[in-house]
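You will see two complexes here that share subunit A, one where it goes with subunit B and one where it goes with subunit C.
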Partner chain A sequence: MDQFLQHLVNAAVLGGTYALLGIGLTLIFGIMRVVNFTHGELYAFGAYTVYLIAAALGLNFFFGLVVAVVAGMLLGAMIEITLLRPMRQADIDTVMLVMIGAWIVMQNTELLVWGGVAKAIVTPFPDAPLVIGPVSISWLRVFVLAAALLLILGAYVLIHRTKLGKAMRATFQDPDAAALMGVHIKAIHTATFAIGSGLAAAAGALLGPVFLVTPTMGDLASLKAFAIVILGGLGNITGATIGAFILALVEELGAGYVSSGYRDAMGFLIIIVVLLFKPTGLFARAERVG
Partner chain B sequence: MKRVLPAFWLIILLTLPLWLRDQYILHILITTGIFIIAAMSLNLLLGYTGQLSLGHVAFFGIGAYVSALTTLGFDVELLGGFRVVHEPWPAVTGFFIAIVIAGLSGYVIGKLSFKVRGAYFVIVTISFAEVTRLVALNWVELTQGPLALTNIPPFTLGFPGLGDYTFWDKTAYYYLVAIVGLVAYVVISRLVNSRIGRAMIALKENESLASSVGIDVTHYLVLAAVVSAAIAGGAGSLYAHYIKIIDPDIFLFIYTVTMVIMVITGGKGSLAGPVVGGLIFGFLPVIVRPFAAPAVQWILYGGLTILVVFVLPRGIVPTVQGWIASRAQSKGAPAGLIWAGNSEPGDAKR
Partner chain C sequence: MRQYASKTALAAIVLAAGLATGAGAQETIKVGVIQPLTGAFAASGNYVANGAKIAADEINAKGGVLGKKLELVIEDNKSNPTEAAAVAEKLIVRDKVPVMMGAWGSGFTLAIMPKLMEYKVPMLVETSSAGKITTSGNPYIFRISPPSSVEAVAFAKIVDKLKIGKADFLVVNNDWGRGAADDFGKMFKEHNIKVGLVETMDPPAQDMSAQLAKIKASDADTLIITTAVEQLTLIFKQAAALGLKKRIITTGGSQNPDQLIEQAGAAANDTTHITFFTPWNPNVSADPAMAKAFIDEWKKRGYPFAGLTESFRGYDGIRTIAAAINKAGKAEPEAIRAAFWQIELPGMNGTIKFNKAGPAGQESGQSNPGIYLIKIENGKVVLPSA
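Up next, the complex of A and B:
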């Protein structure tokens, strides 16, 4: 039972960052109809930015987190404007290929700049973990969970309480009607991609210090984000959030009680099972975003 | 011209080792040839049915592992203490078993995932490849895990009464790959130029219309997946017996991406497309290797992919064919004759 509680806590920390990845991807997928293969690379980009600021330059860790998110948004906006905007009329497969190309370029640029050796990020948190009864959790993980929950809340407020969010939801429902109502679709697409990228970079910036930073860390992140999006249903933010915690829990329990080697296979088994029995996702509500 | 050209290419293909003495180039040709076969199988799905299988390397890898294990033999204990011992069989048996098993997994994946299409199908196939990679990595008793399967025997052909012929040198493997490639080419071209192929193209162009005129869409998609997976499995088997060592990295996503890039650059939905794309991306690393690190090569790959999609969205072969066709048309020749060859007129718009 004690072990189970520990797994639960670990899953919560992991689930929070997975949710950031999932929300970002589901927004992009839902609103822009783009299968975003660069998502994992923005995750890696976030982690490397924190490494650059906090470890290589020796500046403040929290400052690094903020820079990572902002730089992630800027990079996302740049990708959208240069690669996706000219492709808006192309079919989904063609755009997917462009994103695959961009993914290969980004990942190997990281490899070229940082080398293949995994990097560790040292954080200002104390080494001694927080112990509550049978469960022990490092202060870093407590912070990661809190920051992730805060960002998830921020994404909700953005989508449901702001004018930009309203325009995004309108674009998701019917781009043509939204354009006729005065929504600037191009700007919405850029904003959507930037926000999604910023959330992915935030996830990487938060998880980077927990694990190690490597050039290929984005691959699994991309695939897991796809799993989460499928689990939650396309464009469904609540679904993505719940799906992220489900995935983290299944992974954590699978690694704990079945076999740690198959930890990463759990997500894919979930995808296959969900698509077999409920292809629209567990929380299907395809007609709106939010 | 139309009849001379294929014969010309065939002669080049079959006499190449006679005048090409460079063993390194021959090696590149063999590995490129194996990847071209895999890319052709991917083209059957991507180009003719419009379904992007991003887990295609799974079938390739399954073929490689099945063939290697058939020839190496294994001794594993399954759940419940049930023990399976297999004595080594000759490589040619492994080759055919690889084709069958890969085809079967293509059937299962097709049956499971063609309920869902488009982006979902893409993600199911990626997931499948990732799961097979993790199984190859973790089922150490069978696959040796990260230690890799080594000492895979070379390919052998048994002739009744004449004894066995073992493929030792590169020239022999070159002919083996060339012949398997030709067979795969003929199988695919017969398939896509038949009633089945027209049905596939119809459902790619307009699925609801195709099903409304009575085409059993799922049936044809599954059929394409089976043939495609079987051919990829055969290519995987050749790879295992040529390279003689395989590890779970054979399932890496990057190999699928290589196949996809070959198909897209050459031109999806055209028979010659994967061959042209395969040759380009098979030899590109050889050309840039002297002055570029592997990471730079990959950046080049990625950049080229984006460039091709932007500049030649239909790929090289259909673009050149369209160009020749329009030239011929301006000279007054009937354009239909040009199209009768490799590509479908419907592709012109894409």
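Up next, the complex of A and C:
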């Protein structure tokens, strides 16, 4: 029982981190329909930015988090303006190839700038864990979970409760109608990609200190993010969040009670089962036709 | 007479041209080096490649091999087995290297091995430790790193002193990790040590909390971990966060203890590690003078101290290859292969000398180096007086 409680807590913490990865991508992949291979690199970019501010320059850790998110948004906006804007009329395959190119360039730039040795970020949180009965958890992870939940809530409010969110949804459902209603289409594209990128950078900034910062850290992150987005249903923030917690729970209990060697396989098994029975993901809404 | 003169002149020109091209082509002896210079294992691969360069520079400063300079042709396997096989073929076919060193990970080395059989070119294995590299009947393989079976046998000499009652394993899910769990498990049983859980993790996995929670709940007193430094750092941090209080011993020699101390902080304290080189105290090394000189040169080039536990492999590897070429008397694959069996030279962790391993008739060469047990205490590496 004690072990089971620990597994549940681990899954909650891991789920929070997966959700952070998923919601950024669901905006870009789910709403904009851009197969964003740079998502993992923005994640790594966020982590390296915190490393630069907090570890290399020795400034405040929380200041580093904020800088990472802002820098991630700026980088995202730059990618949108230089790479995606000229490709607006191109088909999805062409855009995908451009994004794969951008992914390779970004990853190798990180390797060139930072080298291959993993970096660790020291945080102001105490080393001693928080112990509640049989369950033990590090303070850093408690903070990451809280921050993740806040960001998820923020993203939800942005998409569903603000004028910008409404304009975003309108633009990607029917760009012509949205333009006729006075929505600045170009700006909305840039803003959506920038927000999605900012969330990826936030995920990297929060998880970099939990794990290690390496140039290839984005690969696994982006794989999980795509899985979560597909599991939860494209473009659905609630779906991505619940999908993330389901994936984390399956991985954690699978590794704890079935076989740790098949940990990742079990996550993908769940996705295959979901797609067999609900091809649009667990929480997809009816799509507008025409 | 005129005819004669022109004939001599012609012969002289032909001879001169022949000499010139001959000299041009054979000025250097090429040695292929395959390492993961980018990708997940970039840090370790670059350390080994830099160690190899120091060895080559040292050899060339002393006049080279067979009067020619040693030229390293270093290729990147991108931490990917498919790439490893591709660059091995490139080195053999395009660069015409008569011998190679590679390829860090067991998966990369195993991917290259069929190419060695196909083109009949020998390869010195400097890091990989999967057992089947030397037991699958590939006569072009000469390994200086200890496979986990050799490591387990060496560890057996000190294991009784550690008084382990029951051990769990947490190993990386590849040939290296699973091989270590098998070989150490077998040795433990011979020493009446019970083996409990054997948990695995994917090579790129970052969250091992699930495995550690399970291990925390087990009744074993010791946890044996086999993986490289990045995952070890994460495991130590996550084990500390879970309040896991068991003796931790790591195997495999890719721990970079100084990097662990720097990155895992207090979580690395009171962990024990089986390493293959002791840069903290070169006097313990098999050849202290050589070890000191290597460490000094490494520092002079501005490389991080933590890299020494990897880079010495590249240094020993290239020196072994140079010795084999010298013994062979010519830079040809078959002659070098034969010469590997005859050489004996001092390495950082004992004498390098190849013993036969694998099926009779097509044995691979395996050198049996010594191992060292170190402990991290209060953020410092401590060598227990063995």
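A few remarks follow.
The criterion applied here is as follows: the second predicted complex is superposed on the first by the 283 of 290 C-alpha atoms of A that agree within 3 Å, B and C clash if a C-alpha of one lies under 4 Å from a C-alpha of the other, contacts with A are read in each partner's own complex, and residues count from 1 in each chain.
Criterion: contacts are C-beta pairs under 8 Å (C-beta built on N, C-alpha and C of every residue); 3 or more make two chains touch, one makes a residue touch a chain.
Just so you know, these numbers come straight off a predicted model, no measurement behind them.
Taken together through their common subunit A, the two structures put subunit B and subunit C in a clash.
Once the two complexes are overlaid on the shared chain, A:A102 sits against subunit B while remaining clear of subunit C.
Once the two complexes are laid over each other on the shared chain, residue contacts for A:L275 go to subunit B alone; subunit C is not touched. In the superposition on chain A, contact of A:D127 is made with subunit C only, not with subunit B. In the superposition on chain A, A:A146 contacts neither subunit B nor subunit C. Once the two complexes are laid over each other on the shared chain, residue contacts for A:D264 go to subunit B and to subunit C alike. After overlaying the two complexes on the shared chain, residue contacts for A:S136 are found with subunit C alone; subunit B is out of touch. Once the two complexes are overlaid on the shared chain, A:Q6 sits against subunit C while remaining clear of subunit B. In the superposed pair of complexes, A:F211 makes contact with subunit C only, with no contact to subunit B.
Of the two partner chains, subunit C is the only one that A:G256 touches; subunit B does not reach it.
Where the contact sets of subunit A with subunit B and with subunit C meet, they give residues 108, 111, 219, 261, 264. Of all residues in subunit A, those touching subunit B in their complex are 29, 35, 83, 86-87, 90, 92-94, 96-98, 100-105, 107-109, 111-112, 219, 223, 226-227, 230, 259, 261-262, 264-265, 267-269, 271-272, 275-276, 279. Looking at the complex, you find that subunit B touches subunit A at residues 50, 52, 112-113, 115-116, 118-120, 122-124, 126-128, 130-131, 134-135, 137-138, 253-254, 257, 260, 264, 293, 295-296, 298-299, 301-306, 309-310, 313. Note for the complex: subunit C touches subunit A at residues 37-43, 45-46, 173, 199-202, 204-207, 209-211, 213-214, 216-217, 229-230, 233-234, 237, 240-243, 259, 262-267, 304. On the subunit A side of its complex with subunit C, the touching residues are 2-3, 6-7, 10, 13-14, 108, 111, 115-120, 122, 127, 129, 131, 136-138, 141, 211-212, 214-217, 219-220, 251-256, 260-261, 263-264.
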